[in-house]
């Protein structure tokens, strides 16, 4: 992927936002310069700087699944500093984590990598059918810790979805007024959905659209299967004949659902996988379907650092178009 | 419908509000000049400017029903810009949408068409018998995005109606203080009502009245059938012999229920219809019953743009009295 | 009833508050001059000015029962202006209505008659056993609309009574600080009470007492029957032998329960009645029992205006002592 | 009980706080001078001034039980002024009542007797197993009405106890910041307790301790029986052999539970009793057990004033040590 | 344990923070100097000053279990002053208690020992399966009472965990902004956990991690057993072969779960024990596993003062390395 800049040069070298970054920023014309600045920081960090592509390292699994399940396989991950250093060394666009992890290492690594403060989190010590995360940090925390964005999880389909949407609305309004970027994890879940439905194509596209309508700048969803959950939707998918056989087609559909591609949509990697080739194929599908990148947690920090760097490097090459 | 102005001329041409607009504004005497100004903007935009009639384009179906069900049939609609342009080209009085859609295109189209920010929205990923939408935007959002009005949905009949009324009350007070107009979607729904009862004449008239009492400037209801839901009401309808055989009679009754016609009541078009003639007949009935117009979403954006423009043009001609 | 003024004269004519008004105001010694001023306005408006008696026109039935059930029998009542004009022509002390009705006509009739803004309302589209009205207006609304009082409904006996009391507490504190008067509709209702118990003497007296303890200036209750609902209370009524055979005796007991007659207690008229003589007898009983008057909605606006004026005139004469 | 003052004299007469009052005030060293001043006012009012003993007149029974059950036996009690006058004539330390009763007579009796505003109240029109009172007044009300203290009821053992504790916490913090004193009625009640358990010794001591930990300056509990409710507690009472055979022993234990006697604990009189001697014996037990006095409602205002004055006079003599 | 200081001397004596204290403070680099100062006060108080080890006296059992169960065995404990004096004489790092106990004695002992205000508390008068403590004090209270820290209890596993996390979040943000330290009691409890699971190793480690992610500076958990509760976690513990046979190994694992040892984790002593040697062995295991110390309530104040001082002295010697 060629990275071109149309205007300014310093010492004969093009500087400033690339044409692609400018194009992406143009989709967020309603935002204030503060928010555009922080979005630009995300777009201009790491090895994919200027390409409009993203690889983000998220580490909230300690909270979400427990510390041993998350870090025992690679105990370096117990240390909050490890993830900053991993994200930095790998050339990620950003590192996302809950309050404690950010507080524990943000000062030491001040300014080294864009930070996303995960503002709400959910643990698995209590079982519930219709989950709702707890709000565990504030926009004020994001500002005092030097973050460029807040991250907020919603569970469309949960009986508590209304509450989550309203919490997000309030946080997003405050974040935007403070010049922060808003990243939304949109994960369908709850008693109204079947297990298979949580990653159904129609449901995933719907979840991406809801996040976009709620004002997200960046949307994170899971990779969709070709299953269709809702009968009223299924009828449309079949009558209009929306292509969904390949993963790239499904990614394309989800990206379209997010304002015809005018919102940044990235995809999560899911659990640690044995087979790297499968993950690389997913990255190719995301790229070929017009997706904006990946957010890869467990597949990054649950393997030795050197393996992780190589693994992430390959994914970045795929997004950069250096590997087919 | 003749559009007359009693007072001022510029270059021999009458300017300023028409007599009808002045009459309508006189019903809102308690409002501040800011709110009257924005109401005047709604009354003076598009092809029906000055007539006191309305055709509004609402596009919240992506949130309410999902993106594919809403836009797959005419994929141009995935793009937020499309609807601004459609509303503008068709000569609508206003365009109404949730936060994300407005944010995504309001700056590009700044000032081109009056905007209504849909402040609350409901999705269909979670099933519930007594629904309540989530508040997804604020009055502050409406102001920063250049909107002339907030739009708010209530579901009279829901077990959560009290909460919605109180959310609306708070939003409406703030909106009015800021010089915005308040548009209320009043859709009866919930376990206390039968499915047929949701569009019953008595229930629709009641829903319009509640919206008016809650301080709405503009009220949107569904077209009522001649069914009567509540037995205590039915007794009155039959003893007083309220005419309800024709749609025009029913529209007239609903308009009367909204402060004897002193509140603007518009009617929704419902799902995409095969038969345009049926929609045109509905518009005639709305016009003849003293209704103030239509709010037409799916029948507008779910057909190719040229068809939509022609379709909306016909409806506007009906309201303008250019077609019988 | 002689109306006497002890002090000031203008052109030989006694002016200022009558002795009775001064006496009544003396019961509200803790209130600020603003609240006393608005209470004085209520006491000095209409045909009963200066007598300490009240006939108030309330029109919230459109919200509470639906528009057709309320206004179809006399369709003039659909128009918000009608009720202002009816109250004014009849010489009522005040007109009470929800936000929408007040907003729709307050400017046109500014200052013509004291206004009471009904701050909470309940509709009958949703059925519940333990009702709670929605708060539909604010003290700020009352101030901007020129009202002299807020009106607030509580349902003692409802499982939600605590919430209503707390809403009232907050509104009343703000209203008093702003110099407004507080009128409380106290209507026992809910699963803990039998249907007959809702108007039982013990329950009605209790409801009046609760309203007084919550800080109401004016209390509205229903006329009580001689039924006794609560066994612990019944024992006292019977052992102390509280007179309750006649309506006047029961009114007297309720007035006593409201701080020994040191709070203004008025009684509601109930549904439209065939038999005017029955209503007049009720007014006599209220008068003879030391009640402060009536709040008469449906019996006023559900008959032709001229009938209503004559009907209300007779009631006022009864209160003024011009008719036995 | 000798009342001694160590320091100042005016005209040869010792003035200022007595040694006992100074000792009691020393337990509240963390409070600001405003709160200490109001606590001193309570300790220096009425016939027990300077002794460190209390007899308080509370009249919230109209709200809690209904007006007829409370006042019909002595109808003078319907009048709010009556209780101010009774408390003053009897030489009580304070008069405690809900908002309405205080508002109705505080101005006329301004400064005559220390007032405690009962900030929350419960009625018996609605039955519930786990009760929670409604908050019916504010700290701001206490200040504008010249009160020296707020009174707040908690029901430890209720499923809603957490809510009450949090309401009290908020009110107490505000009251203390405004220099008011905090009086807590701590009445165990709810589905987790047996009826007998509500006045069990272990439960009463626990209730007093909770009130003290919540920051109460003065704690009101019911007189405990020798019953023990909670098995874990019972084991300790029996193994340590805590004396509980006599009422004085039980009072002593409850006082000890309230910070080893460093919080003022007073006891309620319960329902109107036939047998005055029994009440006097209770007062002796309170005195001998180191209790700080009584709060006596129904036994005061449900008998003719002269009887009440004599009755209260005897109790005060017991507390003053003038009667054995 | 040698206590070394690298830099400053006064009169030839090394002063200022020890190297170990500086190391610990370095983990809290995101905190403001105010919070670091208060954390330093905790690290520099008592007999373990400068060692980085803690023995804290907590006395909230009167609220949590009732006064007699807590203090009857050593009645000196009813007096709030007793615990200040015990903690001071024993050389504890801090004394932690609810509002009432702190208010009752903080002024007399001002500055003598660092204070932790327990901001929420739970009583056992009401039984519930999914407990939630009541918030019983504020950050403002901690400041006005001279405390160095707030203490907050969460129950991971309770159905109300989300609420507790959000209450903690809000309190912690305010506390940190005010320069206070945040101590979190993290006690798994609720219907989703078995009784054995409450102290399971996986659950305890998870609870410590959650507290750390919520921004706690100091974390208090119970000593874990070798039981594993959650099957997904169990699989990891067994496959990775996390050592858990000895208590020291389990302590080490929990400390690792709290940011790889970069958060202070202390362990609670549990109920009064017959066998002191067992407690000392636990202290050795905490020390050898890298734990930061103990918080010992009942084993301290439920024995005679001299015994308690000796007992605590032995534990401190263990932590200081003076006893093997």
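Remarks
As written, the chains take the letters A, B, C, D and E, and residue 1 is the first residue of each chain.
Just so it is clear, contacts are C-beta pairs under 8 Å (C-beta built on N, C-alpha and C of every residue); 3 or more make two chains touch, one makes a residue touch a chain.
Predicted model, so just to flag it, every value in this text is computed and none were measured.
Shared contacts of chain B and chain D, meaning chains that touch the two of them, come down to C. Superposing chain C on chain E by their CA atoms means rotating through 145 degrees, a value rounded to the nearest 5.
The pairing of chain D with chain E is characterised as different-residue: of all residue numbers used at this interface, under half are used by both copies. With centres taken as mean Cα positions, chain C sits 37 Å from chain B.
Per-chain Cα centroids separate chain A from chain C by 59 Å. In chain A, there is no position where the chain touches two or more neighbouring chains simultaneously. If you sketch which chains touch which, the chains form one closed loop in which each chain touches exactly two neighbours.
All the chains close into one ring, and from chain A toward chain E their sequence is A, E, D, C, B. Residues 62-63, 65-69, 72-73, 75, 78-80, 98-104, 106-108, 121, 123-128, 132-138, 140-141, 144-145 of chain D touch chain C in their complex.
Those residues of chain A whose C-beta lies close enough to touch chain B in the complex are 27, 29-31, 156-159, 161-163, 165-166, 169, 173, 188, 190, 192-193, 202-203, 205-210, 212-216, 230, 232-233, 236-237, 240, 242, 253, 256-257, 259-260, 262-263.
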